[in-house]
Every structure is written in structure tokens, then in C-alpha cells.
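See the structures that follow.
Two complexes follow with chain A in common, the first pairing it with chain B and the second with chain C.
For the complex of A and B:
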């Protein structure tokens, strides 16, 4: 349904754009309805850039992003507005996602203003109530409040409710639970699971491998702007082939083990090279499992 | 009980809270009283007085009396009538010049900060060029070329040269605010850049914008007085600065005609001082850390 084909992103930096910085190199993948795809990687691996390109908050330098076969990197402003009916995002910091000087439910009101200007007030109110209910919020508890009066979990769920007002097909969730505490974390995560069951595709950007393992069917591991390993979650996490993936999995702290008992073996990795070159090609190593060649 | 009270106070909102503190801040009250009081005198006064402030109506060089509240000039013009008309033109220069500078500064700042890239490089260069122009020298040159120097043209010239610092500050603020997630969220709702600037970014710097309007207003009045005083003032009407210039030119200081130059000088000082006091007070209102207990 949503498909990225050989997407590159490079920035011009320095005075008058004299230098070039490549953030994403040759990334291709697709998401089907009812699927959660996790994008995992360290800071600076380009995973957030991929999420923002899908949302068209960052333009694509090369390549195409297609929704139901239509390349959205080439549609104009009006096409983009229609695209946002189908694809929405939720970001990392719930407190930065709300304009602090307005009431939190303004994000819902803005959706009405842009997309449903002719819907009657009573009709809209019940729609909002339904949508809030589906993310486990009670309308009376959250409407009319300022962002600082609500918890991070409530705010993130309200943003998901906002996305659901639009009957979306794809949700880009960029580190949406990194800033929540452990107990509310699992609620939001389970909410994503139930959305998946309703046929929504979720692009789940995270640095946390256990979250990726918990929620997603497929996973992409990124490093230095390129995909190093991808495939079914069980395959990639059960049998990591790329040295970087192995390092990443080995570095997840385990409950019941102390750092002193079991020093983590870390493999020396190749340093960041010339990013303008195409990355190492992916080769199929197993059913639903691809790895970039090393060296 | 206490939490309940706090919660209701919270929902009343930041705006009303600011207004509440503003109306109880002595600096804001004193400053505004001075500025508004003199403004009222300048606006209403001329309706009760002669429309021609330069008319020779009475005895020459007379000290203040019941007939002539602020005395008369060396030529027998009524100083109070001139003073009231001068106030009016000073406020006109202040508001018009300040407004022009504010609008230019805001447009340049928001455009440069929001668009970034080459647009920003160009606008920033323009801002810096205007910033380093010796404004007074340029104003003198331009003013001396104009055939008839009016209050309006003076205000326009001042406005065209005093916007750069507003543009720079607005640009810097916009740079940080445009990367907030709520700006991205507004984009995801299909909002256009103009709407995002007006409705997401601008409200977050409303206090700063209000304070820069005040400073621009005071700055324009001061600049106009400076131009007037060196003889580059309006040639077809009276202003506070040109009153002082006339008083100087006819050596009122040596002749002891203090009533000729003290009122305009005091008024300029009071207006600009009042505006600065208001500004300091507003700073305390918007920044709770500065509020006194």
C-alpha cells in the first residue's frame, strides 16, 4: 500500500550549501494494511528522517514514495492535503506536539477546520468522543484542558485519536513511547496493536529493540542512513546476520543479569565511509530475511 | 480545595493571568498613565485651541499666566498651543514610524526564519546592511532632499530604517519555534505557511512582539526629536523637537525664557521614559521570575 522506492535524502550544509550531507541512502520498503513495520537504529542512522519523508515534512532528494501506486513526492499542495487524510504521524515529545498556550483539544479542532468544515457541531462532537473512546480516553477528562494539565500518555493517545478522526491508512509513530514511563508505555503499545487489528499500517520508528520485537511483524535495521538488515521480526532478532545487528541485540540489557557477570562481546564495525556511494546491496539469506553484505 | 482553586485558575488561561498582573504592576500603571495622559492631551487639546500654532497672538516673551498657560515665545506665539500640537505630531511620528518598522521587521524576520536557506541568507544580508547603515547620516541626507518635510514623510523615513533589530530577533525566535513538533502537526493538518506563522508561531512570541512595538514607538519619537532639533524636522507644522530647535535658535536659554524649551523637553523625556518603565513592568509580567513577591 505504502511503498518507498530507492529513497535518498541529502542536505546542503555550510555557507550557501557548499557541503553535502547524506542522511538516507537508497532505502526501499513497503507496508501492507494491518502490519507494523519497525525501523530500528542508533541516533543519526536516518530512521527519523525516513519517518519524516513518509510524512513529507522533509522532501525526498531521489526516489519515490507511493501510496496506492501514486507518487506523493510529485503531487502539489492540494494533493498533499489529500495524502494527509490517509497518512498521519505522532511524534516523540508529547509536550512539544501541543502548542503550550492553547488548549490541548485544539489539535482535534484543527482537523475539523481543515477537513470537515461542513460537519455539524453535534455530529463532530460525537465523532470526537468516539475517537477518544477508541484510544481509551474519556472525553470529559481531557477536553478543555491545557497540555500541561494532562499526562504524557494522555497527550500521545489524544494525538492518535486525532489521526483516527481522519480514517487513516498509515500511521507514522516516531519514538512515540520513548518519553513515557514504563506503566503507560505498555498501554500505548497495546493501543497500536489494536489499531493494527483494525487494518491500519503502522511505521514504528524506535531505538528500542524490545519494543520493536513486541509489536512488529517486520523490522528494518538502519545504520549510517542505509538498511543493513531487514525481514520478519523473528528471523532478524532470532538469527541476526549483520555484525551491527548482533552488536545491537547483544547490547540490550537483560533483566536478572548484571553488567559485571557477562561482558558484552562487541564486534569491531567498519567506520562511516563515503555516504554518497550506494550502500552495500541486500542479499536474501533466508525466507523473509535480507542482509547487507559486509566489507 | 486548594488544588481545585488552582485548577480553575489554570484554565482561566495565561492571557488573563498576564492582564491580571499587568494591571497590578506599578511600573506598568505609572508608565501607561504618563503615556496615555499626554496622548489624550495631544489628541483632544487641539480641538479647544487655535488650529494655527504658529500664529502671533500675544505679547512677546511673556511668562506663563492665566491667558497663556505656558507663556509666549520670543515672537509672541502661544507656547501651550504649540506644545499640544507638538505632542500630537510626536505621537503620530511614534505610532506611524513604529508601525512601519514593526511590520517590515516582522515580515522580514518571519520569512527569513521560517523559510531558511537562500531566502534567509538574502534577507539576513539585507537586515545587516540596514543595521550598519549610519541611520542618522542617511536620515539627514534624505530629509535635506525633501522639498516639504511633513510629519508623515519623517515617520516613513524613520520606519524604513529602524526595523533591523526586530527582524533579527524575530528571525532567531522563529528559527527555534519552527522546529517544534506542533508546527509539523499543523503541516500534517494541511495548513499553509502563513497560517502556521500566524497561528502557531506568533502567539508564542506575543509578549516579545508587544514589547518591541513599545520600544519602536519610543525610539521613533526620540529619533524624530533628534532630527527636529538639528533642523531637519517638519517644515509645515510644529513638533516637540522643532519647538526646542526654535527656542535654541532664538537663545531662549540666555534670555531666560525657560517656559519655551522646558515643556517640550520634559514631554519627550516623560513619553520615552514612561514607555521604558512600561516595558520593564511588562517584562516582569511576562517573566514570572522577575515578579516581586
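For the complex of A and C:
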């Protein structure tokens, strides 16, 4: 349904844009309804850039992003507004996503102003109540409150409720859990799980492999802007083939097993090479499991 | 006994009254022990770390005392505390990646710092270079500006610097939270190595990441709303926790290998109490599945087993 085909992104950096930094190299993938696709990688791997390009917050240098077959990198402003009816994002820091001067529910009101100006007030109110309910919030507990009066988990769920008001098909969730406490993050994570059961496609960008493993069907591991390994979550995490994925998985701290009990030799990897070259191609190693060749 | 903390109370002064961030905290740490201190944000874990080295302007030492190697630390007295800092007690602060002076070359900055302690950079330089090599940093980084190093390199630099004078106690405050998993592992293992090489005698590792601290700590303390609710060897905390809060916290952690479809993780309902006017009795009462009338009274910290203590009325269950 949402499809990225050979997408590249390069930024101009340095004084007067004298240098070119390629952040995303030749990334292709697709997400189907009712599926959570995780994008994991270290900082600087380009995972956030992918999320931002899907949301068209930054432009694509090369390649195409298609929703139901239509290339949205080429549509104008009007087409983009239509696109946002279907695709919405939620970001890392819930506290800075709100304007602290206004009540938090203003984000919901703004959806009405720009997308549903003709919907009757009473009808709208019940719609708001439904969407708050679907993210596990009591309308009475959050409406009319200022951002500082709500917890991080409540604010984050309200942003998801805002996205749901639009009957979206795809949600881009960029590190939405990392700012939350262990006791509340699971609520947000389980919410994504129930949304996916209702047919929503979720692009879940994270650096936390255990979260990716918990919630997603498929996973993409990125390094230096390119995909190094992708496939069904169980296959990629259960039998990582690329040395980078192995290193990454070996360093994840886990309860019940200590690093010292299970020493996996860390493979030295080549440092960042020439990023303007096309990355190593992906080859199929198993059913629903692709790995980039090393070198 | 390297460190002995007795009924420590530290409050924050606000216009609305005192926020009781530490409300009667007692524990001790043995020589060569790494203690992990974990809890939700706002539970007072950073305050505890800070109060052992420097109270900032809003913090007030209300009661209790701290003994380090048998001598009392004057934690309420900023000036008297100064001669202990860096030499006896040292800290690797949260956001230590931005703790270095950006306008000075690193070597120059270290020289300034040592001079302020009446020490000579020249005498310590060999040891410094030796330790930098231990963490994989070449000598030439001393001629670099902080901006020229990566996040992981800066973190290691600060770690070497904080432990240069072989302090008795090191406080490491959320030092891995801003790093990638592979750097996290390297930094955590360096802490253990520093202890093994006796650069520091004992260590408090403050973190919200229980699975990380489990990797390196000998003992883990769980804090909730300004108090320690459970203290036990790392293995026991994870495999046989006693306090309902610890149990809930551990069952809310996803792990590699666990999937949404197989098993639904549960969160802890509600949120921690305000510390401005904390409730009486057990502070976890409002969120606790086992709470009953007796919980209106503060449960004492009792020994469950060798080295395992918990504060709850329902420990037998």
C-alpha cells in the first residue's frame, strides 16, 4: 500500500553547502495494512530521515514514494493535504510537540478546522470521544487540560488519537516510546498493537531492538543510510546473517542473560565508506529474509 | 564499609513548599561493590546521586548523614565538601558528553582542573595517557577540542577524567542513555574494568534501564517516590523480586525474543505520587494490586534473605 522505491536523500552541509552528505541510500520497502514495520539502526543510520521523507517533511533526492500507486513526491500542495488524510506521524518528544500556551486538545481542534470544517459540533465531539477512547484515554481526564498537566504517556496517546481522527492508513511512529517511563511505555506499545489489529499500517522507527521485536512483524536494519538486513522479525532477530546485525544484537542488554555468559565475538566492520556509491545489494537467504552482501 | 548512608533526607525548596525528593534513604555499599540504582523518572535517583557530591542551590540537606570510609561527608556544607570532591567522591554526570569546556583543548582543560586541586598535570600525565589507552583513546585527543570527538569518545574521556584521582566512590548518572547499543555496552564494560583495576573502590550506577544495570551491577536498589523499596543482589532482583513495585517494573520490560502476539506485557496503572505532599504510609499503595488497610502505615525495610531487603507488609505472600 505504501511503497518506497530506490529512495535517496543527500543533504548539503558545510559552509555554503560545500559538502554533500548522503543520509539515505537506495532504500526500498513497502508496508501492508495491519502490519508494523520496524526500522532500527544506530544514530546517524538514516532511520529518522526515512520517516521524515514518508511524511514529506523533507524532500526526496531520488526515487519515489507511492501510496496506493500514486507517487506523492510529485504531487503539489493540494495533493499533499489529501495525502495527510492517510498518513500521519507521531514523534519522539511529546512535551515539545504541543504548544505550552494552549490547551492540549487544541491539536484535535486544528484537525477539524483544516479537514472537517463542515462537520457539526456535536458529531465532532462524539468523534473526538471515540478516538480518545480507542487510545485508552478518558475524555474528561484530558480535554481542557494544558500540556504540563498531562503525563508523557497521555500526551503521546493524544497525538495518536489526533492522527486517528483522520481515518489514516499509515502511522509513522518515530521513537515514540523512548521518552516514556518503563511503567507507561508499554501502554503506548500495546496501543500500536491494537491499532495494527484494526488494519493500520505502522512504520515504527526505533533504536531499541527489544521494542522492535515485541511489536513488529517485519524489521529493517539500517547502517550508514542503507538497508543491511530485512525480513520477518523472528528470522532477522533469531538468525541474524549480517555481521552488523549480529554485533547489534549481541550488545543489547537483556534481563536474565548477561553479556559475559554468552560471549559473541564482535566482528570488526569497515568504517563508513563512500556514501555516494550504491550500497551492497540485498540477496535472499531464506523465505522472507534478505541480507546485504558484506564488503 | 565504603559508604554508609543513614536516613538521608534532601528536599527541594519551591514556592509551594518542600518537595521531599529523598525521604529517609538508608543503605551501605561495600568496598569494590557496584550498586545499580533504578527507578522511574522523578523517583529521586538523580537527587540521591547528586546529594552525595554536590547539592545544587535548590536542594537542602534536612536530615541524616553519610559516612565514607568511616568519615562523615559534610554534604550540607558546599565549601567543606569541596576538598572531598574529585579525590574521594567523583561523578560522571548525566549529559557528560556536553560536560567539557568547548573553548579549551582537552589537555589544557584537564591541566586547569588539576591545578585547581593543587596537583600538577605533568606528574599525572603518564597515568592519564595510560588510562586513555585502556579505553581506546590515543594520546593525541588531548590536543583536540571536545567537538572533534564522537559522543562515545567524549563519554570515555569524561570517564577517565572523573576517575583520574582514584576516588573511593564514583557516581555514574545515566551515562549510557544517550548512546547507541554498541557504545552502551563498551561504556558499561569500562565501568566494570575500572572497578576491577581499582581506579575506583565502589560505584553507584544511576539508571532507568534495568536490563543494562543488571549486566554490570553486583547489587540493585529500586527506588520509588523518594524511598528505597528493595535492595538485593542483581540476580535476585531480576529473578526473584519481592516488592510488588519491582515485580511490576520487571514484568513491564520487553525483551528480545518476546512478541506482542505471544504475551501481552502489562504496564503499571496510575502514576507516582507528588512529592510535595507525599501520602502517608506505603507510597506505592495507590498503584499496588496487593494494597490493604495495613499499608496506610509505612512498612519498614526488612531482611528477606542474605543481602535482600524490601519494604512491604506483604512480603510473605
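Definition applied: the second predicted complex is superposed on the first by the 287 of 295 C-alpha atoms of A that agree within 3 Å, B and C clash if a C-alpha of one lies under 4 Å from a C-alpha of the other, contacts with A are read in each partner's own complex, and residues count from 1 in each chain.
Convention: a contact is a pair of C-beta atoms (placed from the backbone, for glycine too) under 8 Å apart; a residue touches a chain by one contact, two chains touch by 3 or more.
What you are looking at is a predicted structure, and each value in this text was computed from that prediction instead of being measured.
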Exercise for the section: After lining both complexes up on chain A, report clash or fit for chain B versus chain C. Expected result: fit
Exercise for the section: Considering only the touch criterion stated at the top, classify A:97 as touching first (chain B), second (chain C), both, or neither. Expected result: first
Exercise for the section: Applying the touch criterion given at the start, work out whether A:151 contacts chain B, chain C, both or neither, answering first, second, both or neither. Expected result: second
Exercise for the section: Check whether A:189 is in contact with chain B, with chain C, with both or with neither, and answer first, second, both or neither. Expected result: second
Practice task
Using the touch definition from the top, say if A:57 reaches chain B (first), chain C (second), both or neither.
Solution key: first
Exercise for the section: Mind computing the angle chain B to chain A to chain C from the CA centres, in steps of 10 degrees? Expected result: 80
Practice task
Answer with first, second, both or neither: which of chain B and chain C does A:111 touch in the superposed model?
Solution key: first
Exercise for the section: Tell me which partner A:209 touches in the superposition: chain B (first), chain C (second), both or neither. Expected result: second
Practice task
Quick one: minimum Cα-Cα distance, chain B versus chain C, in the superposed arrangement, integer Å.
Solution key: 9
Practice task
Please give the residue numbers of chain B that touch chain A in the complex, ascending.
Solution key: 7, 10-11, 13-14, 117-118, 121, 180-182, 184-192, 200, 203-204
Handout entry: chain C residues within the chain A interface of the complex
Key = 40-41, 151, 180-182, 184-185, 188-189, 208-212, 214-215, 238-239, 248-250, 252-260, 264-268, 271
Practice task
Give every residue of chain A touching chain B within the complex, in rising order.
Solution key: 16-17, 52, 55, 57, 77, 80-81, 84, 88-89, 91-93, 96-102, 107, 110-111, 113-115, 144-146, 149, 159
Practice task
Show which residues of chain A lie in contact with chain C when the two form their complex.
Solution key: 42-43, 151, 181-187, 189-190, 193, 207, 209-211, 213-215, 233-234, 237, 247-249, 251-256, 258-259
